[in-house]
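Labels for the chains are A, B and C, by order of writing; each one numbers its residues from 1.
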Amino acid sequence: MVRRVAEAARLSLTDEELERYEQQLKVILEAFRMLDEVDTEGVEPSFHPIELEDVLREDKASKWVWDPLANSMHKEDGYFRGPRIQ
Amino acid sequence: MSVLERAHRINHRYRAFNHVAEALEAEGGGRLAGVVVSVKDNVCVKGMPSTAGSKVLEGYMPPFDATVVAKCRLEGAAILGKTAQDEFGFGTFNVNTPYSVPLNPRDTERSPGGSSGGAAVVTAVADFPHLAIAESTGGSISCPASFCGVVGVTPTYGRTSRWGLIDYANSLDKIGCMGRTVRDAALLLSVISGPDRYDSTVLHAQVEDYVAQAGEPVEGLRVGVPREYFGEGVDQGVSDVVWGGVKRLEDQGAEVREVSLPFTRYSLSSYYIIAMAEASTNLAKYCGLRYGLHLPLEGSFDEYFSAVRSVGFGDEAKRRIILGTYARMAGYRDAYYLKALKVRTRVIEDFRRVYRDVDVLAAPSMPVVAPRFDEIAELEPIQHYMMDILTVAPNLAGVPMVSVPCGESDGMPVGLHVMADYLGEGDMIRAAAAVEAS
Amino acid sequence: MEATIGLEVHVRLRTESKLFCGCSTETVGAEPNMNTCPICLGYPGSKPKVNRKAVEHGVRVAKALNCGLAPMVRFSRKSYFYPDMPKNYQITQYEVPLAEGGYLSVNGRRIRIRRVHLEEDPARLVHVGGDITSSRYNLIDYNRSGVPLAEIVTEPDIGDTKEARLFLEKLGVMLDHLGVYDPHAEGTLRVDANVSVDGGSRVEVKNVTGFRNVEKALNFEVVRQRSMAGMGIEVSRETRHFDAETGSTSSLRRKEQEEDYGYIIEPDLVKINLRPEWVQEIVATMPELPDQRMTRLTKQYGISGFQAAVIVEAGLEMSLFYEECCRLHGDAETVANWLVTYLLKSLNYMGLSLRESGVKPETFVELLTLIDEGVISERTAKELIKDYAASGESPRRIVEEKGLALMGVDELRAVIGEVVSENPKAAEDYLGGTGKASEYLVGQVLRRVRARADPNTVRKIIMDMLESSGDMPR
């Protein structure tokens, strides 16, 4: 399981890490299963502690004056450089 | 010695900073005139490297101040530096970081607590006017405050703006503060609280004068002691000290009674699943393209991203990314992510119900005093998580809390946790100040 | 049916600012990465905030497509890694989309709309040293990142590639009329097409821009899948990329596992209630939809349903052009006739849009006035309209420069008189009963006067002249 999920999350793990995590995560997931004991029939999920709603922004353009490339080492002619697709 | 020189000395002895300011710059007067503010490294300060304790953000220079930092500056504070923390907030002992692992000033063989360890250390030893901006997701302010013997305030979720906070879990993160006294912490809380148009989850309620609440009498204040927060799993010495503090409140006229929060035992799992699910998405952006750690641009994007992330993240970060990704994958999402969100509702209901009968809750902040580093090294990850049992429930529910030093056990500080209802910061400050004064 | 086709249409919504930040959506001519801020660049510590107008546009689209609106909406995080993603998750709507269950009628058939939702656009990738599969590296421009998109997903109701194209064209006209999208700007409409043939596997062709390309891509796919099936080769379920240059689709190398998007509710945003009062306000300020406009044009201007349809389907600006011309000229039918039969034909032939051509209501009406006043013949006008459509130049000036004005009757008579006297045999033949002779004379006159006389007028004058000057009437 760990290898598959790690790959999805773009983490390349060493064999040592894979083995170690597999074991540690098994224990943790086992502990999480205690949630099965809780009766949540008809209970709504809480995405935030307090239900907030209707926060919207007016459609007005404004300019953020900054250098977007300042923190990047990979750039060219005002573009960011990115790795190839395949 | 100038303040900066003293800060460097603190850093030299206790390794509390990831970055000390090159110069102290303060403008104008205000409530924080003459005060320096240290900022946890996951809260952005323009022009200072903000790493959130992670190698993946090495050298990152934010182009803006977090709102809470801007508010401090407006009140005349100077920013002292960035304090050490567990990577992205992933930890209870501040050992999960490639940068400074701070030392507990009371006993440098022991942990200062985490994840806001550096903030607590500086607060404890600074011999100049200082306040600390810290942050809590599952207890990262209360824990180090308790372990280091300082005051740590975690406000109601949304009381402070998260604009500029490098996210761990967006529905759980709260920026809070630490001070040597309740009054000090209350002052900083007043400054950093309030609405902000950049944050959609911020609360618009009035910001009270929290400092004024410290020193108000606690006569008639209804204090609930949740039975689930004492007994098994909590060190006897810690329990006794905290009970002592509760008694002293009662002596001052507070009405103390036992209450119950039956879903407490499920809050740990619920918290970790939600936190890790959100965190795994928040950390996806770190891939060596726009900021932070870069590698030579080679290979396909899958290869490059994986290379950067494997080098940039520590063990605990990787574990949480994997767990969090798993918890929201098709097929597991209902059993983990959605289930945890429903259990969260139950935990919130616990608090709402209990606050009909009491004004504040009192319990130990942590089940133990600060452990030794060599003891910590023996622990399995699950055992690290279980240290949070007393802080995760209120953090999950988003209620405000303050850890106030209450005495000692085995020669180490013990914190008493006062928890209030939503926007009940006034009540909890009042109670905490009363504990402090007694 | 030829095939089973479903479309996912991504429409760039016309707002001033982006979906979650205040950066301008006007990216034409902007330097790369200059229309950005920490939010649309996914900087740590930044947080999104929802653009009200984008939600309103979304509601309009949903209503125009006859969908049921959700009472409240939430946003979700769709996680996947790609170089054009500033956060490696896209803020979209998964669990609680804006609207569901609508339809759009195409040629009397209803194509069902499964859902309409809002999401943010990723950045723009420039492939260096090759195309998507072969480039050495990429250049990334985040100006586009965060622009609001409406995603319109159909059920697999479309039966052939032509229907797909008709659907898209009709959808485009609709969205244009709603004012929520700019049909003239580049890349404002992108399509992911899902196609399967004869119950075979479903293939997805991603990111096709432009209606014609969608038709081409689908045609290629149908042929490809059909021929594979014919040879007994199984069509694999996959994602393919369309190359506009070669008109073919190719496979994008896929990982073993399907992408799992690991959706969670976006915890930096809160739920948005689509309150009835707000929805009513939005609906009340909705512009006229194409079908409504067609009906109104026939009623208000007395033109035929066919003409109204042609005008409306040519786009919003054509409708507005037509109505303005009617206002200036006064005779709605004449305007419609010349617009539909001649002007539009010229524009289409040259592949020009109204905007590109420079044609304006004032100058078109000028042309019609020239005909009304008898300054030029209808035949001249039909020729003239081609030059006019290409240049947008004032018809009066073209007539002057090219000497196309009809000459006065006296002058014409004089010319005809000359021609008749120069061709006595033809005149005789005519009087002798040969009808063709008159045509010969007409031809000779026209060669001399060219556009400056109307053939019928010439014919009439010749006949008068010959008969009155000749011997006996016939």
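Going forward, a contact is a pair of C-beta atoms (placed from the backbone, for glycine too) under 8 Å apart; a residue touches a chain by one contact, two chains touch by 3 or more.
What you see is a predicted model; the values in this text were computed from it and never measured.
More C-beta pairs touch across one of B-C and A-B than the other; that pair is A-B. Relative to the centroid of all protein Cα atoms, the closest per-chain Cα centroid is that of A. Taking the mean of the C-alpha atoms as each chain's centre, chain A and chain C sit 40 Å apart.
Between chain B and chain C the centroid-to-centroid distance comes to 56 Å (mean Cα coordinates, whole Å). Chain A and chain B have Cα centroids lying 21 Å from one another. Residues of chain C in contact with two or more other chains: 38, 41, 49-50, 81, 83, 137, 140, 255, 260, 262, 267, 269-270. Multi-chain contact residues, meaning those touching two or more other chains, occur in chain B at positions 60, 63, 171, 200-201, 280, 284, 287, 289-291, 297, 301-302, 305, 325, 329. Shared interface positions of chain A, i.e. residues touching 2 or more other chains, are given as 8, 10, 47-48, 52, 55, 66, 68, 80-86.
Of all residues in chain A, those touching chain C in their complex are 4, 7-8, 10, 47-48, 51-64, 66, 68-69, 76-86. Within the complex formed with chain A, the residues of chain C that make contact are 15-17, 22-26, 31-34, 36-38, 41, 49-55, 72, 74, 81, 83-84, 125-127, 132-142, 252-253, 255, 257, 260, 262, 265, 267, 269-273.
Per the touch definition, chain A reaches chain B in the complex via residues 1-2, 5-6, 8-13, 17, 21, 24-25, 27-29, 31-32, 34-38, 40, 43-50, 52, 55, 66-68, 70-74, 80-86. Looking at the complex, you find that chain C touches chain B at residues 38, 41-50, 77, 79, 81-83, 86-89, 137, 140, 255, 260, 262-264, 267-270.
Residue ranges of chain B in contact with chain C, taken from their complex: 43-44, 50, 52, 57, 60, 62-64, 66, 162-167, 169-171, 197-201, 277-278, 280-281, 284-285, 287, 289-291, 297, 301-302, 305, 325, 328-330, 333, 337.
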